[in-house]
Every structure is written in C-alpha cells, then in structure tokens.
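See the structures that follow.
Shared between the two complexes below is subunit A, which pairs with subunit B and subunit C, respectively.
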Partner chain A sequence: MADKKFAAYLCAGCGLGEVLDLGTMEKVVKREGKMQVIKRHDVLCSADGVQAIRDDIANEGVTHVLIAGCSRRAKTEAFDFPETAMARANLREGVLWVVAPGTDHDEVRQEMADDYIRMGCAELKKMAVPTGNPNCASNKRILVVGGGMSGLTAAIEAAETGYEVLLVEKEPQLGGWAAKLYKRVPFREPYAEPQDTGLAELIARVEAHPKVRVHLASTLAETAGAPGRFAVKIATESGAVTQEMVGAIVQASGFSTYDLAKLPELGGGLPSVVDQAGLEQLAKAANGGVIQRADGQAVSSVVFVQCAGQRDASGTHLPYCSGHCCATSVKQAMYFKDANPDVDTVVLYTDLRMPGMGEDFYRSAQSKGVIFTKGQVSTVKAAGTGCSVNFRDLILNEEVTLGADLVVLATGQVPNSGVNIDLLAEPAAAEQTPTDEASATPVEPAAALPPSILNLTYRQGPDLPQLKAGLTDSHFICFPYETRRTGIYAAGPVRRPMDMLQATDDATGAALKAIQAVENAALGRAAHPRSGDLSYPIVRLEGCTQCKRCTVECPFGAIDEDERRFPVFNESRCRRCGTCMGACPVRVIAFENYSVDTVGSQIKSLDMPDEFSERPRILLLACENDAYPALDMAGVSRICYSAFVRAIPVRCLGSVNTIWITDALNSGWDGVMLMGCKRGDDYQCHFVKGSELAHYRLSKIDDTLTQLSLETERVASFEVAITDSRRVAALINDYAETIKRIGMSPLKGFN
Partner chain B sequence: MTAPIATSQTILVVGGGISGMTAALEAAECGRDVVLVERSPTLGGRTALLYRYFPKMCHPTCGLEINLRRLKANRRVRVLTMTEVAGITGRRGDYQATLKIRPRYVNETCTACGDCSAAVSAEIPNPYNYGLDKIKAAHLPHVMAYPQRYLLDPSIIGTADADQAKAACKVGAIDLEMQEETVQLAVGAVLWATGWRPYDAAKIQPYGYGRFPNVITSVEFERLADPSGPTGGKLLRPSDGKEAKNIAFIQCAGSRDENHLRHCSRICCMATLKQTQYVREALGDTAQSTVYYIDIRSIDRLEDFYQMVQRDATVKFVKSKVARIAQADNGDPILHGVDTEGYHRYATAHDLVVLAIGMEPESNAIALPQDVITDSSGFIEGSPDGGMCGAGSASSPLDVNRSVQSATGAALRAIKVIYQTASEEA
Partner chain C sequence: MHALRTTGHQTIPAVAARYRNNFLKEVEAHVEDGEWVKMCMQCGVCAGSCPLGAHWEHPPQELFMMIRAGKRAEVLTSDAMWMCTSCYNCVVRCPRKLPITQIMHGIASYAQELGLAPEVQPTRDFSIQFWKNCTKTGRVNEMKLTVGLYFKDGLVAGIKQVMNMLPVALGLMKAGRLNPFELLRGHSPKDQKGIAAMLKRARAIEAQRAPVTH
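Entry: the complex of A and B
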C-alpha cells in the first residue's frame, strides 16, 4: 500500500471550467477522495497538460491517476499511461453536454459532477494495474484439422509465414473433396473455362515444407488445454496415440454431401441420377472424353436440378443454400458441352446464384449452348434407360416433362461439425415438474450424435458450439472468425457453406487468427473483443462454494472443474467479459482493474441527498460496448437527460453482480437502470450470453425488492443499441418520471 | 505533421473502411506495424453510412465502436486521414510510398468541443448523407468519427467564416495556414482496401435518376431510414417530402449488364430484402414494397432471411428487369416492363423507387501503381510478386462479412511478405 500514490487531474477545457465549479470539485477530491496530488489544467489533453501528468508519474511516484474531463472514449492517445491505474470521470459527455444549460440547472449539474468525481476516486482506490496472465504459455505451433483445400491452405499459409504446423487428416491421403473433382471453377479472369484444381501442386508444397508435419489416417482423440498450450492426442486407425503440444487450432473439417437417399422424389437412388460429387467421378473417368453413366451408356442429354434438398423451409431438408452449386452445375454442364457440343444440357433453377465475376462464367456457359430454365422440379422418375424430370416452368407457367439420360442433383454441403454440444447440455432437472411430459422427453440419445471432431476436454462439451443448421459460424457480421472457443477457428465449409475460392480465402484468414491467438497467448493478452487486455479473472478459491455457476455460464467455455468440483480458470481461453464475476454468489472472482469492489465502492461513494430533498439518485449500469457509447453520443449531439442519473460502464451486463443492485438500494439509491445489448436469437451481446444471463438473474430480483419492501419499478433493465442516443436519453427521463411518481426510496439514511 | 516512422517491416493499408480497419488491426494484433491511410477525414468508410446490417438488422456502428476501441488500445497502427497514395515504387518487401495529406485546418489539439462549428455560418452538402442535407463547413463528420476531430471545409478558407472559426477555438487548434503535405514512406507490403462506390445511377438512362427526384439509390435510402440521417429516419420522398409508403426496389441497377457493370454486385439482393424491412419498421402493415428482380441471391445461410421476407405480406416480388421509368404529374415514378412469370406487361406507379445500385470498385477512380493487376471490372487482384494485394470489396464485390473475411486473409498475406523478405535478407 505504501507505494501507491493517487493523483487527480481536473480539466477546465471545453467549457467545463466556466460551467462547473472546479473549486468545489477540488475539495471533494481532497476531503472525500483523499487524493494526494490534485491539479487543474485549462486543457488537460494538450501536450502541456499530458506532460504535467507524465512528470508526476516519473518524478512524484504517482501510480493511480484520475482524469476528470471527457469520456473514457475520448482523447485516448493523450491519456495513455499504461504503467498506471487510471479512472476517468466523465464530466464532459456525461454532465456538461447532457444537463440542460442555464443557471436553473447549476445545482443539479454540479452535484452530478461532484458525484462522478467521488465515484472516480472510489473506483481508483480499488484498482490495480493488470500484470498479465501468469499462466501464459508460448507454444506457437498451429494445428490444422483436415487436409482438404481449406486445411491445406491454412497449413501452407501459416508455414510460409514462419509457423510450425501440424496437419491431421482422417483419410489416408490429403486432398479432401477437391481430390475428387475433375476440374474447378475459375478463380480469376478469364471466367470462361473449368480449370485444373491445382491440388497436386498445393499438396506438394505442403508435403515439401519443412515446417509442416502431416498425420494421415488420424483423428484427434483428445484436445486439452488452452491457447499457447493445447495438448492433443492424435490417434491413428491402428489405435496408436501420439501426444503433441500446439498453440492454436484451425478446424477445417469440411463437409459431407447431403444424402441422396433422402431425396427419393427427385430420383435419389435411381441409376441414372447422381449428385454433383457423382458427376465429378464420371467426368474424372471420362477425362475430357464423352461422359458415360455408371452403366456405360454415353450421356446425350443431362438435366441439372438445382437446390435439391436445399433452401427448404419445411424443415425436412437443408434450410440453407450451399452457395457453390450453381457455379458447380455450370462447370459440369461445360464438361458435357466441351466434350460434345451436341449433348443437351439443361439447368433447372429457381434463382441462379453466381455472384461477382461468376456472371462471366454464366455467360460463357450460355455461349456454349447450355440451356437455363427457371423451373421448380416436382419429381424425377425412371423412364426407359434414363429418367423423366417433371417441373413447373415458372416463365411459361406450365407443367413440363423433360427426358434425360442423366440427372444431376445439386445437393448441398453438410458441415462436419462434430457434436452439437447444445444437445449434450445437462437437462435442467430442477426446473422440470413431474407432470411436464414434453420436457421429460429425452434429448437425442448419444448414439445418434456424430463423432466429435476435436474431443475437447472442456467442461462445456467436446466441439465448437454451432450457430445454426450445424454450421460453426460466428454470429457477428463484423467478426466472422469469432468462434466461442478462444484459439480455435473454424475455416471453410464447416463454418459456412462455400465454394473453393472462398474456402481458400477463409482458411487464410483463419490461419491469421490462429497466429494471432498464439502471439497474444504468449504475452498473456486477451483475444477479441477485448484484444490486448492484460487483466484476467482472479479467483479466491478458499471462499468458493463449488456452485458451478461460473463454469456453466462462461460464454467461452473457459472454466473447467477439478476433481473436487472447484473451478479451474484457463486464462488464455478467457475473453475478460466478467460473466463469471457477475455469476458468483460469494463474490470470489475479480479482475485487477474491474471487480465487485471497483463498482461497489462507486455505488457507496455518493453523498446521498435525504428523503425529502426531491433529488433522487438513479444508478445506471451501462454496457460499455453499446449503451455507454450511446450515452456518450447523446452528449456529443447535446441531447439532454435527467441530472439525477449516475452512469457506470460495465464490461458486459453479464458481469453485473446482483450485489451491486442490492447495495445500491440499501444505500438509498432510488432506482437502478441496466442497459445492455439485445438478447435472443439475433443477440447483439458481444459476449454472446451476457445480456441473456443478466436478464435471467434480474428476473429474480423482484424477491429481493419485496424483502426490502420496495416497489419492483426500482430496478429496470433495457435493451439498447449503440445508435439509440436519443432513446437512451428518453429512457432515462421516463425512468426519472417513474421514480418521481413512486417517490423517493424509504431506505435513505439507514446506513 | 511528422511523417510516421515506417520501415520495410511496415504494412501499408490503403483505405480506412471496415476492410482496411480489419486488415490493419488483425496485422497489428499479430505484432506487426501498420500505417493505415484514409482519404476522407474519418475512418469507417461506407459501412458507417449504413443504417442496419442484414441479416441480424444490427447496427454497423456497433462493430465500428469495437474496432475503434481495438485501434485506441493498439500502438502499432498509425492512422493518417485525409491522405491519399500518390504513388508507389519498388517491389515486394521494399516499397517507397508517396502520400499526399490534404490540409484539415485543424490540428491534433482539437478537443471536439464544437465551438468552431457554432461560429461558422457557411454550410456544405453533407457528404456523410450523400449530399441529401447540409452540414456546417466546420464540422465533425459524424458522431462516431475517428479521429474525433473537427475539420474546416476548404471552401471557407480565406473567408470570414474561417477567421471566426479560428477566433472561436480556445485551444488554438485551427491552423488556417495548413498546406498539403507530401510524405515518403518505406513499407514492405501494401494492402489495397479501397472499397467500392455506388455505380453512377445517372448512366442508367431509362431509370431517370437525376431527372426524377423520386428515383433514388439504395445507399441514399440507407440514410433516409437512419434516425441520424437527413429525415430523422422518416421515409420522406425528395419531390414533396411526402411519406413514401409504396416503394419499388429495382434489382441489378447497373449490375449484370454488359452496358454498365458486367459483374453481379452480390450485396444488392440482401440489401433490398433488408430495406423492405425498413419500410415495414416505418409503416407496419400499411407498408408496400415491390421488388423487381432477375434472381434473388440470398446466398448460403442468408436464405432464411429471404424466406422471412417472402412470408411478409407487405413485400411483393416481380421477376422482371424494369425497362424504363416515367414520371406522373404528381411526381410518382411509373415503372414499365414485362413480368416474365407469365409475360404480363405492367405500368405501375410507386411513391418512390430505390435503385439497388451496383458496386463499382473505387480503384477505378484512382491511379493504381502499374504492377497492380485488376480484372475487367477493375477489382484488384494484386501485384504479380504478391507484395501488394486487394482486401475486401476492392478485390471483389463482397458484403461486410465476406469483406472482413477477405481482409483478414489479406493481412496474413502481407505478414507473409514481411516475414519472407526479412528472412531472405537475414
């Protein structure tokens, strides 16, 4: 304690000095905040102002800095003192710009500013400079799971950037689906002819690269650990197991083709009906010559049926479009036309989907004489030696039957995602009532689950969580690589249906993310979205009651359990959202610079007006990702709101420990507002489940309120978006009205 | 200003939209040094001017905030706004870039207090609302602008307005003597994340954009729907300010057309599907959206969004390439064409027409170094030696999600160049 030194710097710029009484604030800082160094500057963010702070750090031994001026989101380049703990009292965006101008509001405005100063001092007292994860590990080898086009690309890109790579492929040879193709669609201009896959060269590069080691006919028997120190057991078919250490994982486990047998109405099972993979096999056998059916008959007419078992809204088949199939059928139609222009080739489609320069490839097929017909196929039946295709011609608006020697069904990609861990989730036994027949139905038996790809030893299950329809995609539009297991990145069609060009791009991006994960893990830094954060959850195990809330609720599966059911924190799997801290009923989890205390002490720091003052105090816990910026932007846009509110940014609503709410109410706060991101299917929570969990925890707060004999309106939560700057102001004002209506808290003055 | 310190180990990223920001951040978070240059006064690019994203209907500024926070926390990225690349010479691992920095007339000491803006009376067409409204000639581009710093439009330099702005600034941030600067930079790899621009709709002569006020583009419609846009989020049509209820969306406006853009711009179908939901959001069941299309390309898992819109009774789909638009006396655009499903002729009046305008590579409007290869539409493939490559929608018509994917991969390609050239030298 002796070597801590606290300093407060008050800024008088941007009109703060003219509108607020900095003298009063200095007194608050000194008497209540007990800051040891107190300075005021006309423009604190100026070179001169910043230098004054730097000098105090260097010469006066200042370790803790309070900046009282603009928002923590502003002037970050100026106020950058990584070696010190820093709190920011938001007097500009949070007070000056949002409290109605004019002397009528001078008193409440000043009170608001004084309170933010108190809160800043209180927070600072409880903060420490994060020292970085002590359990960081620095294995920088990249494991690539899958040796198809995506996996090979990820492997060679990582190796050529200087990283060692371990490639595990379950088949006895590399190549995946690409090895089964006769040709591929072109990747660059001219988009006119099918191209060699280029696979042989790629495999040769991978096999020749000194930094790549390949395990064929192998699978992962176990994956344990965390970024920088994954321990993987690689099993061969013979049962031999080798253990290797890796730092990060690219999962390029690819796809399977949709089962033709599930499409009997489209002729699945007939000898003259193949899927696109089957056609590739025929084309490979023909090798540029006339394509023959499996029975040896030369094909003189072929019909391609697009979207077979795809884009299905009924729930029977694949709900999505696989993206590549239109271009693949166009390419395959060219196989026929290039070998013999007289072969009738018809593509039956509802929407032809060839984005970008694929349009040129489409034009090329048209010029080769491929016929495209907008039609909805109802049935494919055996007819003569071939089959008949019955469809509704959507242009002529009539039923048509077309005969063909061969029908190619453009079926979709089914991701090889392993186990859907949501199906493994422990049934919520306590929630079930004995009469609840429906929920008593057992979940899918384990035998029906596909084999796991990763066999993670994680408490929350053996594979990557799935987004929808078995795809291990990210939920975030701006962040496509954000899988929910840190250091493990899905790439290629396992993530999302895609063509080969996109898969190679995707694999390159995933390789970068894996490299980034090992570099950050070695430095003890967090991954996205708090990238670079050095704080990490510290648990006081002697107080832990083994309730398992943290291990169950962690959105990233970062926390395991040991044999005594104590939580085991894997810091480099952690994303620093604080959901565990919010969950912990005994409050033994904390970050160095963000804890139950850093927020709790702010809540208790206020100079609380009495019950008869008519000046209520409303606590606003605002998610720092969207709600707090929205409040800031209300300030930037000079949208006013009630001066009775005091906002505290939180890392995520999931980090809100309900003790803050009960403490606030017990301390005489008149109301508590929570603002977080949208939850539900289209959730916008940056930490996946944070706002959902906060909502769940709050659903139980009414009991607490009743016990305290308080109105349930005293706690209210809201979903807000970052663009809601007008709305957040309106919500605050409405809530202030609500408090006015129900009256001041009766609990003031009891502490 | 001082030139950033850069070496052959540095990656230059050209363009500060979501692709450029992503490429810069991903590389920096791998421990690489990056210089990120942006032509406009703020980062964010075109995505910052979108109201919502498909398919989640979430807000682009949400991701922008996260990326800006990553940027603020990372010392390895040096950002230069109002900066263009005037030329690049050299080869992979050893480039000399010449940058031109336009004067902002406001230096780093700006606190974004807004006093200069209040002191200025001149207004200019607001570039962040595609010129649909006006903005003060001394302004912060928008509330999410980064750097959070005002600028003076060159049009007021030498006028009394500029002097008033200078006088109003209490921190001495306004420097009316600022001149264009040229800076030389040594870098090892270059990523072109120059993005796209909406195709010039006036070139699609039969649609009357520019002649008929109620024919607008999809990017302009984003601004109309945005509560922070020129109409406060109300769908008011330009001719008479009347609320538009019956809105036509014309797909492939400029795209898939050898007379205009030969490629499919990929995003327009999903953008229109999304925009039909803006109409529903604004008008509820009284909304009427009609989508004139050739193929609906809601590719891969975005299909369920299309199915959701198909179930929406306020949205109608007509398979037709609209032939031409005429204007009725009351300002209503009248669409003429043939519905190819059943071959009916139609002449249908709407309140407002939104052209789902195609993506043209922005690089068509800038001089690229000679060894950067583009395809016939102008999308960037890169230099043959791999030292320069495209990222995001500069390389192909891509949506936001795929642009970020592309930019992440591009970041690795740049790191690879740096790694390989460094080890060759060693």
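Entry: the complex of A and C
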C-alpha cells in the first residue's frame, strides 16, 4: 500500500443536512483534514451512496475512507469495505440526536460536528488496513481433556461436526462419574423415574468414531503453543510420552466430591453415613434389589441431608450450591422406594431446587411416599447401629431428633481446576500486579497445590485462571465456556457445578467454541469477543525496555518472554483488547487500526476554545463494548447531554494509555471522563481484567494532576452498563457542571 | 358429600412414629382425599389465601406437614380443620391441585369418627345437628335446624336469639320463604324408604373400609 489516498464522505441524511452546515464541515475536511476526495450524499447508506464509495475505491485508488454520518455501530453492513482503512465521524447519534434542538444551540452543535470531523480525519491519517496475524497456524484437531459425560459429549459432537478429536482420560476407562452411577435423573418425558445413564452407548459411539482417538490412563505432561498450533505431550502412567499437535482444547476435567472427613458434625466417617457417590455405589451393588449398607446391615429408614458442606456463608465449606444434589437425592430416595416401598425416606432440605422438568420428578417422588421437609440439620450422631439426625423442622418450627439406619449427605462438587495460578508465587511480578481485593490473599506455599491439569508452558501459570471458589470460568452469563486462555474452553462441572444434562449441553457448546477458535486461528483472526478481527498487536521491540508490564497485565496470558526478557507475542492467543498497549510505558505496542497515535492524534486535533470562551472541552474515552453503545442509545432515545463533550470509543478501558490523558490535559482539554464496564468479582468487562487495570492505573493519576497544579476532578472514571443510556447522559451533564464549577483548564494555549 | 360418621369403628392407635409413613398411610386409608396429603410442596399459598387464616391454629400446609411428620394426636385433636368454611379459595389456588377443602373436612370427619374432635366447636355442633336433621327424613328441615341451633346453649340464650332474628323471620314469612308450621311436622321427600336404604348401604360400604393397621 504505497500510495495512500484519503476520502471523506459526508452524509446529509437523517436530518443531518438540514440541521448541520455541511459546507463548514467540507471546509474542515479540506483545509484541516487534507482529504483528497470529498463527497456529499443525501443518503450515504443507500445503494447509490455505497456504490459511489465503491467506485472511488476501485477507480480513484481510495485507500482510507472517512464516513461522516451515523455511529460506527450503525449501517455496518452497508459501509463494509474490508480493503480500506475506515473511520467514522459520529454526527447522528453523537451530535444531531444528543444536542438540544433549536437554533439557540446551533453554534455548539456545529462546533461539536466540526470537531468530530477533525477527529475522524486525524484518526484516519494514522490508520492502516489490518492484514491479519501472520503467525497463524491451521491445525484443526480438538483435544478433549477428560472422558466423563462432558468430555465424551464434546468429543462426539466435535467429531460428528467433522473435526478430528483427541481424547485424554486419566483413568484406565472412560465414563468418569457417570460410570459410577446406578441410574441418572430423568432427562426425558415423563420425568418420573430414574433413567439409565446411556453411558455405555455414548462410549461405544466415541470409541467407534473414526475421527476420535482415545488415550486412556493418560495425562497432559505439557501444553505449549497457541490456537491452531498447540503442542501437547501426553504421558501414560508408565511414563511413555507422545507429542501431538492440536488446534484447540476443551477442558472437561470434571469434579471431585467434597471430602466427607471435613463434615464430622454431620457424621462424616460413621458407617451409617455416606455421601451421594457412596450411595450410588451401594445402589449399584444392589442393582435394583434391596439396598444395604456397606457393612451389610439392612436399611429400613434413610435420611437425606441436603446442602451438606455447601452454601456455607461462614467460609468453612463450599460457598455455592452444586445444583444437581436435590434431584440426585430425589432419585436416590426413589432407589429405596422402588425396591421396597416400606423403607422410610426423608429428605431434609432448606430449599428444594429442582430446575428444568425437575418439578415432575419431585412430584413423582412424593407420590411414591418420600417425605420432604424443610429442615436445617445441626448434627448427625451415632446411635445404636444407625445414627440420629438432629434438625430444626422449619415448617413446624421445632427441634427434632430422628433415628435412621442410613444418612446420605448431599455434598457438593469440587471442580478439578488444577493449580490456582493466582496463588503461585510471582516474586518478579508481585510489585507490578495490581493489588485488588482478589489478589490481596496471601501467597500460599506451592506444596499445597493440586496437580496441574494442562501443564501449560505459559509464563502466567500451568492452568486456566479461576474465577471464584476454584471454578474455571470467565462469565456465567455473558460468555460461558470462554476462559482467559484463548483456544482453551472449559466445559462441565469444572466450569460451574451442574448435573449431567447441563454438562451435556455445556460440552456441546464448548465443542462449538473450540471449532470457532480453530477456524478463526487458521485465518489469523481474533476469537471472542472481537471474533473475526484481523488486527493484531505489533510491537517495536527496539524501543522495548523489558519492563514486563505487558506480559504481566495481559488478561489472556498471550505474551511470554524470551531469554532476554523481551515480550514474545502469541498473536493467536491474543483477544485484541489492547491492554498491553495501554500498559506500555514506552508505547511500542500498536494495532494497525488502533494505536496510541490513532487516539492521540484525535485528542490533539481539536481547535481548543480559549480560557475565557466559557466553552469547555471534555474528552470522553468510552469502552466500545458497553459505554459507547449506551451513548448511542442515549442518542437514539433523544436524551440530550452537554455539547462540550467529545467521545472517542476505545476497545477496552484497559487499552487506555495514560499518555492520552496527559496529552489531553496538556492540549487544554478541561476534563477527561473514562467510561468502562463494571470491574471486580461481578465484572462485566469483556476482557475480564481490562476495566480493573484501567482503574488501577487511574488510581495513580491524581499525583500527576497535582504535579500539574490541576484539580483531581479533571480526570474521572465511571462504570457503566450497556443499558445505562439515561445514566451516561446524566453523568456527562453532572461532569460538565463539575467543570463549570472548578473552571476552565489553566493549561490552554501552551500546545 | 362429606358425611359425618358418628360411630367409631376402629381401635385408636396410640402413637405414630415421627417422620415415618405410618400416620400418612393411616390418613390415606381413612381420610377422604387423604392420598393427596403427601403431594403438598409446602408453598403456603393455601395459608395465604384462606380468609380465616389468622384464626387457624395450623394452616392447611402445616397440617399436611404434621401428618407427614407423624404428629397424630396434634392433628386429630386440632381445632384447625374445623375452621374451614368451604370457600375453596385454596383449592382454586393450590399449584399442586390438592383438594384442600375436601381434605380439611376429611380430617375433621376422621377425628370425629375417632372421638378425638374438640368438645366445644361450633362447626362440629352445626355439622352434627345438620346430619341428624337431614338423615331423619332425607330432607333438611330449615326451621328445626335453625331453632335447634338457637337453643343449643339453653332456653334463655335461645329466646334471645329468636327475638334477635324475629324481624328477619317475619320478612321471610311475608316473602313466602319461611313456613312456621314446618316446626310441627315438616315435609319429607316422596321416597323416604329409598333414602333410608341409601344411607344404610353407605354405612355398610364404609364399614368395609380397611381398618387402621400399624
């Protein structure tokens, strides 16, 4: 792309032509923007308008296109010119619809529009057409870690979609927990009786499938590489190691049961007390006959204690609900009732949670005579040959002691997440890692760590980052299966506690995500959430000072270090959030179409009114995932906000380099607002840690402001959600008031 | 039809074991619609819907839980199920479609049968009067039933009640809705013998019901 040719297209549609002076804007584009082609169209997004642009690209050699009209989020299908670099000046949602109507506001409205034009031209000058990741690799085989219900499902789903699958299971046989069940909770109409697990059939399908290869009694000794080119070493128990190449990984490492020994108050360890897994074992031994205890004693009364060692707010046991245990206890009570209706079965619950069609199953158990009561169990003690259960009946509001031959504790699922990498000692990085609440926990000795599942060679640690309570997840609602390691997807109970039916759905979803990942990787494109993005971080290593901030702060562990401690970018692992770009103190990291310069030049492009003009300028750096759409929605809803604000979308607040803020203040901007997503435990950041990092960086900016003799109010950050259209307008107006109160910036006129 | 059986015909079991199926099974065998008790899911909509809820010793869902918890004596001697006025609000609202009103009358009836019903209970008194009244001829004699109820607490109280209600009674008479001569004899259905035979047969069927076993 030797010759760059810049073109600007001004749209007069949607009322822009009537309210704004397009003539002035054309002058700005010509004199300040130095655009070579300038055109005006009444409806630019019409077939005619789009064709005019296409013709210029084809015939005039236009390489850079500025579209001044609607928001960059609108008409994306019409304005789709992948061969050019494109900037959009948001005159419709950003100016026309948000500045109060009427001729009184003509002047500020026109100023705002002119500024957006200036900013668009400035941005375009610094942009290049993304070429796609050059280091892409196209291995499309999918590795499934774990051969339980989730792993088997992921394997068969991926294989039947046409992808090669490698399945690694640490046990010498397939099946996982499902193989240890006598029967499963029904998943088909009429949802009344325990059902056969169907596992044998699934295993047979997997084993017979020509695209699936199974490694039993094997673990992963090492996982290296990136999507499209993961190199995994599969080790058998005997120590033999084979190396395989795969494109993506589904981690379905499942769960372990909560240790009964941690529940002595509930009788953990007594011969008359088992957990649900223990009862499955007894039921399997009985095989439909009368269920006996392991010591051979007959059982005429059973008590099921729900939430044993779960939903514990005290911090001693599992804090969460494992979801499946209510239905499992209902099923197990039926084992007894079906074999002998005279066995007394009591289920003590605090909340009976029977999601899906579980209500029918619950009803079925009731009609079989299983007694349910809301009760809080305090202790289970040995009594005679059985035990006595002490509980408070919450319906009858009284303390009860109930004898039983057998007590079944519904303990929870503990995810097999491997090593919690947050607990790994990071002496070199410790001082640079933000000390948020989560990582403030003391570093535990490595001896307490469980064995790693993946043994990743990433500098960030051998396993997937955990979200909370040891669960390997990114976001329950917004992006399930996603982890913070690109191309590696968690499925099943390792991700969140779940039953077999949910695990099956989950595994199917994860398999599809893995397929997307290998397909995107092969084309050099980003995975979720910027799926399909061809830009990638380009680093000018000659300027790098080896400070390691990019490697430490990358939320996705995409950046390793070489032996000279320079960063090594694994573009295929990158999600293109730009957090590294925001972190880099020497600003050597850039994307072709998004860089310190593309935003910086916009900030510096404005015609800044002087100190006495009473027309302040407020820079708004808005996350394009939530905040910018909220601003657009404010426009769509015609919610007015101050015409002194100039919004620039950023990929993530994590990509905000503090130089932008310094530049803005030095250029005479009166205030800088940052709008990003919610951070912390219940974060909504699409890049998980981006907004948190931005917040951390901003916490240091007050010192800089004080050094510049500026009020600390001149920089403010806000957490907004995509639904906050009314609120973003209010925030802007409030901030404009604040600026009015503290006065115009004293730094005007020095740039 | 929830007839009150006034003759006990079973031995009364002494205690029911807690949270066993014993009492539940007894209720299923002897209480009309008793097989529904185990299906209650304790949502409490019945308790919240009952217009007399505040006056109940135990709301219906609690009674069902007591049955399942084996609290036999407490259930059968309770005043609660006698408070039901048959408005059917709970039946309409029960998400599990339990015939709650019917079960309430069923439990009351069973308690009466076992001789465990509370001694002083207006609903019980009315029910007994009603049953005696209507089984006599096969038709309810409203005059006799009303006067019987007025005088159940003695002559003075009865006269007071009569004086209180006199204007209403005169109004009803004027409108032709009340015949004072019914007090003397009253009219009866055409086939009185047939009705007596029906009742006899019903009692025989009832006697064939499974006795309480433990």
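Everything that follows uses one rule, which is that the second predicted complex is superposed on the first by the 731 of 751 C-alpha atoms of A that agree within 3 Å, B and C clash if a C-alpha of one lies under 4 Å from a C-alpha of the other, contacts with A are read in each partner's own complex, and residues count from 1 in each chain.
One rule holds for everything that comes next: a residue touches a chain if its C-beta (ideal position, glycine included) is under 8 Å from a C-beta of that chain, and two chains touch if they have at least 3 such contacts.
Values in this document were obtained by computation on a predicted structure and should not be read as measured data.
Colleague: Per the contact definition in the header, classify A:K34: touching subunit B only (first), subunit C only (second), both, or neither.
Modeller: neither
Colleague: Check whether A:A74 is in contact with subunit B, with subunit C, with both or with neither, and answer first, second, both or neither.
Modeller: After superposition on chain A, A:A74 lies in contact with subunit B alone.
Colleague: Return first, second, both or neither, reflecting whether A:S46 touches subunit B, subunit C, both chains, or no partner chain.
Modeller: In the superposition, A:S46 touches subunit B alone.
Colleague: On the A-aligned overlay, A:S301 touches which partner chain: subunit B = first, subunit C = second, or both, or neither?
Modeller: In the superposition, A:S301 touches subunit C alone.
Colleague: So, does A:R540 touch the first partner subunit B, the second partner subunit C, both, or neither?
Modeller: Neither subunit B nor subunit C is touched by A:R540.
Colleague: Between subunit B and subunit C, which makes contact with more of the residues in subunit A?
Modeller: Subunit A has more residues touched by B than by the other partner.
Colleague: Taking the superposition on A as described, I'd like to know which of subunit B and subunit C A:I395 touches: first, second, both or neither.
Modeller: Both partners, subunit B and subunit C.
Colleague: After the superposition on A, what does A:R54 contact: first (subunit B), second (subunit C), both or neither?
Modeller: Touch partners of A:R54: none, neither subunit B nor subunit C.
Colleague: Tell me which partner A:R565 touches in the superposition: subunit B (first), subunit C (second), both or neither.
Modeller: neither
Colleague: For subunit A, which residues lie in the overlap of the subunit B contacts and the subunit C contacts?
Modeller: On subunit A, the overlap between the subunit B and subunit C contacts is residues 352, 374, 395.
Colleague: Which residues of subunit B touch subunit A in the complex?
Modeller: Against subunit A, subunit B makes touches at 18, 25-26, 29-31, 53, 56-67, 69-70, 72-74, 109, 111-113, 140, 143-144, 148, 170-171, 226-228, 256, 262-266, 295-304, 307, 319, 340-343, 375-377, 379, 381, 396-398, 400-402, 404-406, 408-409, 411-413, 415-416, 419-420, 423.
Colleague: Quick check: in the complex, which residue numbers of subunit A touch subunit B?
Modeller: The touching residues are 13-15, 43, 45-47, 70, 73-77, 157, 160-162, 188-189, 311, 313, 319-323, 349, 351-360, 374, 394-395, 397, 468-469, 471, 473, 475-481, 496-498, 502, 505-509, 511-513, 515-516, 519-520, 528-529, 531-533, 625-626, 629, 633, 636-637, 678, 682, 684, 686, 721-723, 725-726.
Colleague: Which of the residues in subunit A end up touching subunit C in this complex?
Modeller: Per the stated touch rule, the residues are 301, 342, 344, 346, 352, 362-363, 366-367, 369, 371-374, 393, 395-396, 400, 402.
Colleague: Looking at the complex, which residues from subunit C come into contact with subunit A?
Modeller: For subunit C paired with subunit A, touching residues are 18-21, 24, 38-39, 41-42, 61-62, 65-66, 68-69, 71, 96.
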